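Below you'll find the structures, each written out as structure tokens.
Note that subunit A is present in both complexes that follow, paired respectively with subunit B and with subunit C.
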Partner chain A sequence: MTVATIATDIRRRRRVELPAVVRKALLLVVLIGVWQAYVDLTHVSHLLFASPWQTAKAFGRGWARGQLGSPTAVTLRLLGEGVGIGAGVALVFTVLATLSRVGEDLLELLTAIFNPLPGMAILPLAMLWFGINESAIIFTIALSTIWPIAIALSVGFRTVSPTLTAVGRTIGLSRLRLVTDVLLPAALPSAIGGVRAAWAFGWRTVIAAELVFGVAGSRGGLGNYINNARLYLLTPQVFAGLVTIALLGIAFELVFALLERRTIVRWGMSRT
Partner chain B sequence: MRDALDTAPGMPPLLRIEHVQLGYETARGRHVAVDDVDLALGADERLTVIGPSGCGKSTLLRAIAGLLAPLAGRIAFDGRPVTKPGPDRAVVFQDFDQLLPWRSVLGNVAYPLRVNGLGRRRADERARELLDLTDLSAAADRHPHELSGGMKQRVAIARALALQPRLLLMDEPFGALDAITRERLQGRLREILDETRTALVFVTHSIDEALLLGDRVLVLAGAPSRVVALHDVGTPDSQGEARTQLQALLADDRGDDRD
Partner chain C sequence: MRRTPRWLSVIAVALVVAAFAGVTATAQPNAIPAPGKVTIAYQPGIGYAPLIVLKQQKALEKQFPNTSFNWQVLGSGAAITNGMISGDIQIGAGGVGPLIVGWAQGVDAKIVAPLSWGDLWLMAKDPAIKTIADLKGKKIAMPGPTSIQAVVLRRMAQLRLGDAHALDSDIVSMDHPIAMQALLSGQIDAHLTAAPYQLQEKVHGAHIVARSYQYFGGHSFVDAWMSQKLYDQYPEFAKAFYNDVAGAIALINKNPLQVSKLLSQDSDGNPTWRQYKQWLAASGLKFTTQPDGLMRFASFMNRIGMVSKVPSSWKDLVLPPVYGTKGS
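This part shows the complex of A and B:
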């Protein structure tokens, strides 16, 4: 094959190839079609399985009337507070571990003990300590997010180039400023990865905790919304709640991707 | 060849190294890399350190920087013992990754100045002067990953000089560059040092570079390595002879390695 024919070959192939977003959107349409076909063809009970159309209607109505908006806000707030506390504690732990041997040993020990523990396993204990309220949920989320963030951060700190650390010391940085001004930004790729993983853990924990709780405090979250809908056999609403959770998950991914593009990709620190 | 402790007459030494032994504590005990180095350096003197790979040239430089404490002996800078790193002994390393990736070129040069108490505006002004001096003004707003290796090294040099150090420590800063870039930067470095009158300790494994940049050449060799020669570079006329002598010294050492 000559160079010219290879070039035209590549060009022709490229013309056929669609952008990833379009390809995935098409696949999604196909999947929804299969879903609709399944409901139409099997005549599955509407009490057990909602069709895409019913789900979309319940979703639209739920958001229009605020029945979905308020639980979403509650869940996001719980999640934000839990992950925020978890990230803060993880940061303090990891910085202490970097500054002292005792801190390092303590962090390794605590991580070994708590990281394998599913966050939800702590919930009964949290309910005993805090009562059946939001604090118990936030505590559980925080406890399930500290460890993935701490692990990611300490890996990030440990893999900072020794040259960069030496540079920091020779320009006269104190140990604390070395951590805040050199180690932390240098560990940003790992840190973002850790927070990303922690969000995922937190999501699972908050929805599961709300399902177990029923109403937490005065207002319920998305897990509570789904559980209530199930109680009244409002299956389309159950589906609408699940779709909301899935969409929020996608939204978070987009936010993290944007954050990475603005920071580590722009600075040439991205490892991918 | 002059005595090791001798500097230019009438000038107190800026750096004094007395019977210094350097090395690391390992699991199998103490590993001595460099032994019994004795040296004094005047306030505007340039010393190049040369020796075979792994002879502890960089170790010596790290000790002067205060990044490594001697196992024995004493290092004094400006009359005071060296206990930790400081901006009066700025270091330029060999690695291209010595810049902060998240700061612009300007930010990389200005940041150490702000750390050492300069206001943002003064720091930026001074950083721009240094970028001018190192021909980097056009790249001020770029990030390190957008620069060539030679440009990165120039930023590192600008950053080190911005701190107005009394002594500039350089660890094979041009080692990973192509020959043309290296030659250009060597020339520029000489001009800059003439302008700023900064003392220099420059580690290299190139005899030509050692003779070009140094007033004196310190030759390290052996295991653990010791000072096998401290060579006055002298006038360009006598450099041919110096080169031959250095080549002989370094060749001897390679012979020892094989035994």
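This part shows the complex of A and C:
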């Protein structure tokens, strides 16, 4: 090994020693710098592109005046209701699938049919069925979250250690109690993974649905906020809406990571 | 083998091209410089009839054989403004709402040829909806929150409910053909629209709750827009376009029968020309290149906070070919 390669090796190792948060923060600062430089150097039209500074101003003003707060609340509520219903239905389906052969076949069939279908593809039909209102959006979110949760749950159930189920049977648990007391806790890591995936699907669906939907004003969510800003040609506000969505996405990730650390990591079912 | 020097062949090619260009130039001594490609976008509705006449007569295509014209129908004026910003659309057409919003935000789009005036009706199907006040909490469809219909709705809300934004959260963005279906099938409660949709809705049992002329007087409905940049580059092309639109408008006013047939032809025979003839006669539309009410709309939009500034004159919103009309 030459001196030079040792030197780079040491340098690389030293860089690795920086905490992840600091590394990512530095990278973020660089990215924002590039963004600002792009706007300053190319003099791109303010109608097409907002600078980080303009975005930050629109973001601050939007939150201070409540113009971003209420759409965020609406979007989160829609998402919560949609994912909640989706998770509930998924649980019922999966339990049925565990209890009976027909249930299992049904779940496999429905998953095969609906899982590849993007949630948004259902929206036009949902608008016909439910009308132009929130129910249509919630239905669309629920439909796009049932299947990832169901898949994750049934994988979780299927991969439960046979020893555990055998013990459960030996001590004489009924099939339902076997599900609630043995399978569900054992499948928790998969369940959390499923909800996490469903949340991501639902998040995409709710924003897209609001963009199509176009109910303006106080009842609108973040997608609507962005669309309105576009119609009024307020590009910094479009960017502020996008930043809000990105920050919420990061917040979800942190919440799920925390949830995992508190439950399955602490209980030794999984490592970080 | 002897090779011809490359520069010699370049010169030869250049000479041939120059000679050819000279021939074509002499063949068309009066050719007006025009862009190579022009996309013209308008919206559904009979207010755009002058453009449809040009499209069906291929007037522009014949006049500018070296330009490829592309016609598009989009659902809202905001979509067309967006297309003009991104450079996909060279000539757009729409109501004064998106035009003034665009102007205030610095979009390079001005009126190159006004198309029509129009009385816009607020339609409802439920007989219980009689006045503007009955619309609170209901769903009111229109192309978007910046459309001319939305401006009209805010004026109605201001005068009847005391707050221009009282009905803002009831606006549902839909293009007119879809909104008409939604109104007639009961998915929405009201539709602030234009001809021919308001006429069709009336035939199918909807009634008029309010009309825009009651609130703004007679006013411009839709206009064709072009960027100042394109105008500066091709002023004669813009002037020719204005003259063509004026010609189409003269034809609509002189020979509605022939125009009805052209409109029907544009929609592949359905609706029929008889239907179009009836609509042209009854629509509350007036085809003219005189823009009217631009300043009334702009100052109202400014007063209620839709735009942050007002043009100093209606001429700020139009290009030179329109200067001669007695606009306002």
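Note that the second predicted complex is superposed on the first by the 251 of 272 C-alpha atoms of A that agree within 3 Å, B and C clash if a C-alpha of one lies under 4 Å from a C-alpha of the other, contacts with A are read in each partner's own complex, and residues count from 1 in each chain.
Note that a contact is a pair of C-beta atoms (placed from the backbone, for glycine too) under 8 Å apart; a residue touches a chain by one contact, two chains touch by 3 or more.
Source: prediction; values computed, not measured.
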May I ask you to decide whether A:161 touches subunit B, subunit C, both, or neither, giving the answer as first, second, both or neither? first
Subunit B versus subunit C as contact partner of A:185, first or second or both or neither: first
Which superposed partner A:19 touches (first subunit B, second subunit C, both, neither): neither
So in the superposed three-chain picture, is A:46 touching just subunit B, just subunit C, both, or none of them (first/second/both/neither)? second
Go through the superposed model and pick first if A:266 touches only subunit B, second if only subunit C, both, or neither. first
Identify the partner contact of A:170: answer first if only subunit B is touched, second if only subunit C is, both if each is, neither if none is. first
Does the superposition put A:230 against subunit B (first), subunit C (second), both, or neither? second
Using the superposition described at the top, list the residues of subunit A that contact subunit B and also contact subunit C. none
Please give the residue numbers of subunit B that touch subunit A in the complex, ascending. 62, 65-67, 84-87, 89-91, 93, 95, 97-98, 100-102, 111-112, 115-116, 143-146, 159, 163
Parts of subunit A lying in touch with subunit B, wherever the complex brings them together: 161, 163-164, 166-167, 169-173, 177, 181-182, 185-186, 188, 263, 266-269
Subunit C contact footprint on subunit A (complex, rising order): 45-48, 127, 131-132, 214-220, 227-228, 230-234
Within their complex, subunit C touches subunit A through residues 78, 81-82, 85-86, 98, 101-102, 105-107, 139, 144-146, 168-174, 182, 187-188, 306
